[in-house]
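Structure below; questions to follow.
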Amino acid sequence: MNETAISGRKLIVASAVLLLAVLFPHFAPYTALASEILIFALFAMAYDLVLGYSGMLSFGHAAFFGLGAYTTGIFILRVYPSILAALLAGMVISALGACLVGFLSIRRRGIYFTLITLAFAQMFYFIAFKWTGLTGGDDGLQGVPRPSIGSLDLTSEMTLYYFILLCVFLSVLIGIRVVNSPFGKTLQAIRENRDRAMSIGYNVDRFKLIVFVISGLFSGLAGGLYALLLNFVPLGSLHWTISGEVVIMSIVGGMGTLFGPMLGAIGIILLEDIISNFTDCWSFIMGLLFMASVLGFRGGIMGIIRRKKPAVSRTS
Amino acid sequence: MFQTKELCKSYGALRAVHEVTLDIGPGVHSIIGPNGAGKTTLFNLLTGFLSPTSGKIIYMGKDITGLPPFKVSQLGVSRSFQITSLFPDLTVYENIRIAVQSRLRASYNFLISSKSLEGVQEKTQNVLKQLSLTRFEGLEVRNLSYGLQRVLDIGISLATDPKLILLDEPTSGMDRADAKQVIQLVSEISTKIPIVLIEHNIDIVLSISDIITVMYQGTILAQDTPNEIQQNEKVQEAYLGGY
Amino acid sequence: MRKFRKLISGGTEVLSLQDVHTFYGDNHILKGVSFKIEEGELATLLGRNGAGKSTTLKSIMGLAPSRKGQILFNETEISRLKPHQIAWLGLGYVPEERAIFPSLTVAENLTLPAQKKGRSLWNLEKIYQNFPVLKSRTGNKGFQLSGGEQQMLAIARILGMDLKFILLDEPTEGLAPFLVREIGRISQEIKKTDITILLVEQNTKFAMQMADRHYILYEGKIVHQATNEEFKADKEAQTRYLAV
Amino acid sequence: MNAQLVLTQLFNGLILGSIYVLLSLGLSIIFGMLGVINFAHGAFYMLGAYVAYTIVTYVFPNFWLALFLAPIIMALFGAACEFFLLRRLYKLPIIYNVLFTFGLMLVFQDSMRMIFGSMGVPFNTPESLVGAVNLGFTYYPTYRLFMIIVTALCSLGVWLFLTRTRLGAIIRAGTDNSAMVDALGINISRIFTLVFALGIGLAGLAGVLAAPIQNVTHLMGMDFLIDCFVVVVIGGMGSIAGSIIGGLIVGQIIAAGIIIWPPIANTLIYLFMATFLLIRPRGLFGREGFHE
Amino acid sequence: PTGQAAEPVKVSVLTDMSGPYAGITAANVEAAKLAIEDFGGKLLGQDIEFVARDNMCKADVANQKAKELYEKEKVDVIFDCPNSAAGLAVSNQALLHKRLFVSIGSGTTRHTGPDCNRYTFDWAYNDYMMATAVGLWAAENLGKRWYTITADYAWGHDLFEHFTHALKSKGGTLLGNDMVALGTSDFSPYIIKAKNADPDVLVLLNAGKDAVNATKQAREFGLKKTAKIIHALLFIEGIKAVGDVFADDYVTGAWYWKSKNPGSREFVNKWQTKFNKPPNWMNAATYSAVTQYLKAVDRVGSKAPEAVIKALEGHTFNDLLADPGYIRPEDHMQVGSAYILRAKKSKEVTEAWDFFEIIDEIPAEKAYMDAAKTDCEMGGF
């Protein structure tokens, strides 16, 4: 009874959100921005699996975002002009990247983990930067086209938006599944008390690695979509500031809530765009907002909505 | 079923555990000894949380020296900690459920709902009942009093239906009532599952142990049945008497 | 002067709580605790797990500030003071979780607390005399001590302060019988010097050996109080409140 | 690639290292005790330089005055920040003060941009330290030698202070369990303020020292910030000696990188850190279970 | 086509208003406004509309904003956009949206080389010209033994190539080069290497913060005494900011506010009264570009991109920036003379902001790469 009532409310909320998402490009400042917001929402969600649900403060997720973007771009340009294939390639490569980085860093904990991930991201950045032949160096990978899928032509920003929306929607469904699965629950236990989880027979490191790879996979998808949206891949997509942004989005939105970080992404990108249109000191204002958001509402946007602090308190 | 051969662990000059050769069988096997004797260290060695400086650990004929904790646990060795160790932000129910789930490969499955795991619910409820924690099941454990937290701690070890349980001072910081209840629990379990117990409350130890090992400065001082131990004057002066 | 008052009025109260209410977030833990402790006596606070004993001590110490009620220490209201101000008045606190400093050596741990010139209760030698365990491990870092050694250190640590009143939260927890006796001995030592002690205990046997007076806490309220003799006699109370 | 050049590079490594040392020391003790990952640290360093500039150009045109005053002013400013802002963060999980101090950084940087413009401000080497000294293998700028000496003295002082004095012990104790320190009769919040002031003061000092050889702009801290985290981690969280040695190591690595292949110089430190942590999980002197 | 004339002409500037170049480029917005104002504010019988956007000096932002401008704001042309990655991205958007883009801030030769397209024009300068002009001059007048320190990214590499090309063409020798990571704050190692090589000329191929650091430290190590320094980019604002650091260094300029070109003095005076400082050559270039665009639209009486592009291609003009200026149809490069500027020592500076001395003028055909040699295949519409 009660159960069904709750799930009923959830259903209503969900459909409302979906409706908003569908109408979004029509009231967003401009379509391309709406798409960008979706992409970063996806990225933030992927990241929350690692930060919010597993308590790993990764500062290297730009690596997977960028890896996805470059792979997708290069695939379309050099290998075969198919968006779906390219996105898939992007996801796979990012996942592999995440697997490598994860494997090498996950045994380290806390701040050490954070900085190793950063280190690897920086190396990816350096490689992309130096390997001009493949990546176009710091001019970025220019002129990535949007080959149409079957009869579906994606050159129009509006169509692209809905394509992205579809991808994000599916990813979110999977995301929800993951966090409510036995796997997801175990992650939360590990986050709470690593040693205890170990002592009751959980192979902690493997769980962490798996979720890291899953997160990398979706980050890669986000990156790939970004390449499509921009028609090019900026070297910036591998820069540590991207990692920083996604961390901030997660906190502002509310970690460990999956949707919080997405809200964070939406809020931050929208604000930055709007503010920067009427003043050059937008970073000053954003700074103030960040500070206020910490002093003011602890649990992030989601916390306000739920009136509850998000679970994560320690990073391991 | 558990054997150690000349097990040593030293921190620099200090021999926390020195040439301990043990043989743990069914029933309640208590390990007592003054503070700093090396009991907890021994536990950490047995469960893979520390790797020995030298020596062997054999479990059911298998050499498990240097195995990581989760492997040891999967072999059926479960432990509680001297300092309570729980999942503070999760509910009491979830704490137990996670422990129950830990036995299933499905733990790696990230595409099904955790609720859909058959058997887990029931088992969790049973354990909660056994510990009479059912009425707290919705509470986040950080809001549980220290005593109840210790009970839950044992519950978690129990929920992994182990073949052997190591308990490090399960009754410390408990009031008589809860302590009684726990000891009750322990002796019940011990009829089915062997238990290794670190305990300072000598009355409890004497009452429920089948065999007692006395440690002193990292080494085994004596090992015998309760009443023998009581007589043993070496023990008298080392443990109950001098320090 | 005080001594004189003590003679005529059977002792002056050092510490008195009146209707103290304490919360952790939203959950109401102390629901109006009131009791008095007289100078130089050793009182215990008994009660089941979760009754609120530790919280009471934390509230006195200002670590879990009470939201309502009054806490008087030698006629001064301390319920609004900061922990360090309270400690400065002469209260020493030995927490349940010991809370020794893992990254400091035993020696540093012992010399850390705020000390008023020449007003420390015990000097270092005396402390080492009474805690030979610690003497042997002076150079070691706190995290290298065993549970029991940590407990000893936690107690020894406060004895360097200018103490008038000691709060002990389950000092015998996890200690070998011999050490329990040691703690007993030391407490008596301290008591001799007119120091008042409030002891939280699970080990009722120990409590009844030590105490002059018992207060029993149940679900955040004092439900029973008795002198040691009364309490020893009153088996009924013991079973009712402590399920002995 | 002659020996003389190598020697000179080692010296440069030392210079760079000494700036790292000053910054990381502050970063490290602040993180260790207050549990604040101070993303604004680079910005404080930048502010130090601007304060010095303001003193030299608007108050009294004397570098030594600036060198003396700016760190003190910054320390006071730091104390104020701690007292009015960061105080509120201690109860929160570390992750929140990452966000907060990041915001602080943006605010500091952008306000300097608004006040002094994005092109930076002029800052000259003090006359008395212009010129070069013959080190045998090369002529080396006097000012840089001066930098090395100053930082050496400061780090030594800080190290002695933290490890040898009672106040230092209190600070380390506070790193373990600040509530308990408080309960032992020590006003911990004052200690917190002191520690933060100390850290920021050091950052300020680094800023002043760097000003003559760097372009003083609102972004000058950015390049250093991340590097300093690397230093702290290589040294091991919460270890004073760690940040000092770590700083020197990183300086040398960059210098070495320049000798090998300049473009990789900056990336080399990450490469090093990653491999180093694979061998030593907690850096040089990191303590088990501390912030991990 | 008719109908299009119905809507007003809409001009936009997309530039760095808050990033590292803001100090130089932010004012381009004002320059554009001024150009529109001076043009009369009306075109095709309607008021000229104007919007400006901040690209934060990031390529992705620039790209997004370009879309906003073309799609939502429906602008006919985008001007400026510093940072070559950003410029290239916007150029690509121009092609996709079939609208004009006039690049000013970004100097990459790709605009008029491999990545050229029919909708993109490059105004006032490019890296080749910046390098070649001062390069040739320095090889003749300062010495033929060079040492270069290069910012290690596309822009730096580009410049390095052009500078060495200029040097070789004069038969000079390159004693050494260091590729230095962007944002390096300590240049002393490279300065020391340079000092050991003892060159006549030290070429610093970096901009902004890095350039200041490098020069400061060259001075600190006494390299300035033994060698002349030439820079890739230097603006009056830069010198104003850091004082004497650049004294006696050389650089190419596309224009200087003391220029005698037609309309130059009027423009400068207007600017002076408005902002009580003279404009830098980027501002002047923006003014010129906007003016020439508006004139072109006026000439053809339509804002239809194709028509306007045709009208611009091969057009010759004389204005404050270039006298004469010519828009090459082959690669859409707007060419004019380049100026060799010497930064004055502070004691030489008599008039406020008069930081440079024009010491030579290099004709366009020498300063720019021969249109035939650029590997640009200008596509159709």
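Just so it is clear, A, B, C, D and E label the chains in written order, and each chain counts residues from 1 on its own.
As a convention for this text, a contact is a pair of C-beta atoms (placed from the backbone, for glycine too) under 8 Å apart; a residue touches a chain by one contact, two chains touch by 3 or more.
Every value quoted in this text rests on a predicted model; they were computed, and no experiment measured them.
Trainee: Which chains contact both chain A and chain B?
Mentor: The shared contacts of chain A and chain B amount to nothing, since no chain touches both.
Trainee: If every chain is reduced to the average of its C-alpha atoms, which one ends up farthest from chain D?
Mentor: Result for the farthest chain: B.
Trainee: Across the interfaces C-D and D-E, which one involves more C-beta pairs in contact?
Mentor: When the contacts at C-D and D-E are counted, D-E has more.
Trainee: If you average the Cα atoms of chain B and of chain C to get two centres, how far apart are those centres in Å?
Mentor: One centre to the other, that is 30 Å.
Trainee: Report the inter-centroid distance (CA atoms only) between chain B and chain E in whole Å.
Mentor: 75
Trainee: What parts of chain E, by residue number, touch at least two of the other chains?
Mentor: Residues 18, 22 of chain E touch two or more partner chains.
Trainee: Two or more other chains touching the same residue: where does that happen in chain C?
Mentor: Touching at least two other chains: none.
Trainee: Give me the residues of chain A that touch two or more other chains.
Mentor: 281, 283, 313
Trainee: If you go through all the chains, which pairs of them touch?
Mentor: A-B, A-D, A-E, B-C, C-D, D-E
Trainee: Where on chain D does chain E make contact in their complex?
Mentor: Residues 4-5, 8-9, 12, 15-16, 113, 117-122, 124-125, 131-132, 138-139, 141, 143-144, 210, 212-215, 217, 219-220, 222-224, 255, 258, 262-263, 265-266.
Trainee: Under the definition above, what is the set of chain E residues touching chain A in their complex?
Mentor: 17-18, 22, 26, 53-54, 56, 58-60, 63-64, 67-68, 71-72, 84-85, 88-89, 92-93, 96, 108, 110, 115, 153-154
Trainee: For the complex, which residues does chain D have touching chain C?
Mentor: 166, 169-170, 172-173, 175-177, 179-189, 238, 287-290
Trainee: Which positions of chain C touch chain D when the two form their complex?
Mentor: Touching chain D from chain C are residues 61-63, 82-84, 86-88, 93, 95, 99, 101-104, 108-109, 111-114, 142-143, 157-158, 161.
Trainee: Applying the document's contact rule, which stretches of chain B touch chain C when the two form their complex?
Mentor: Residues of chain B touching chain C: 11, 14, 32-37, 40, 82-83, 143-148, 169, 172-180, 200, 202, 239-243.
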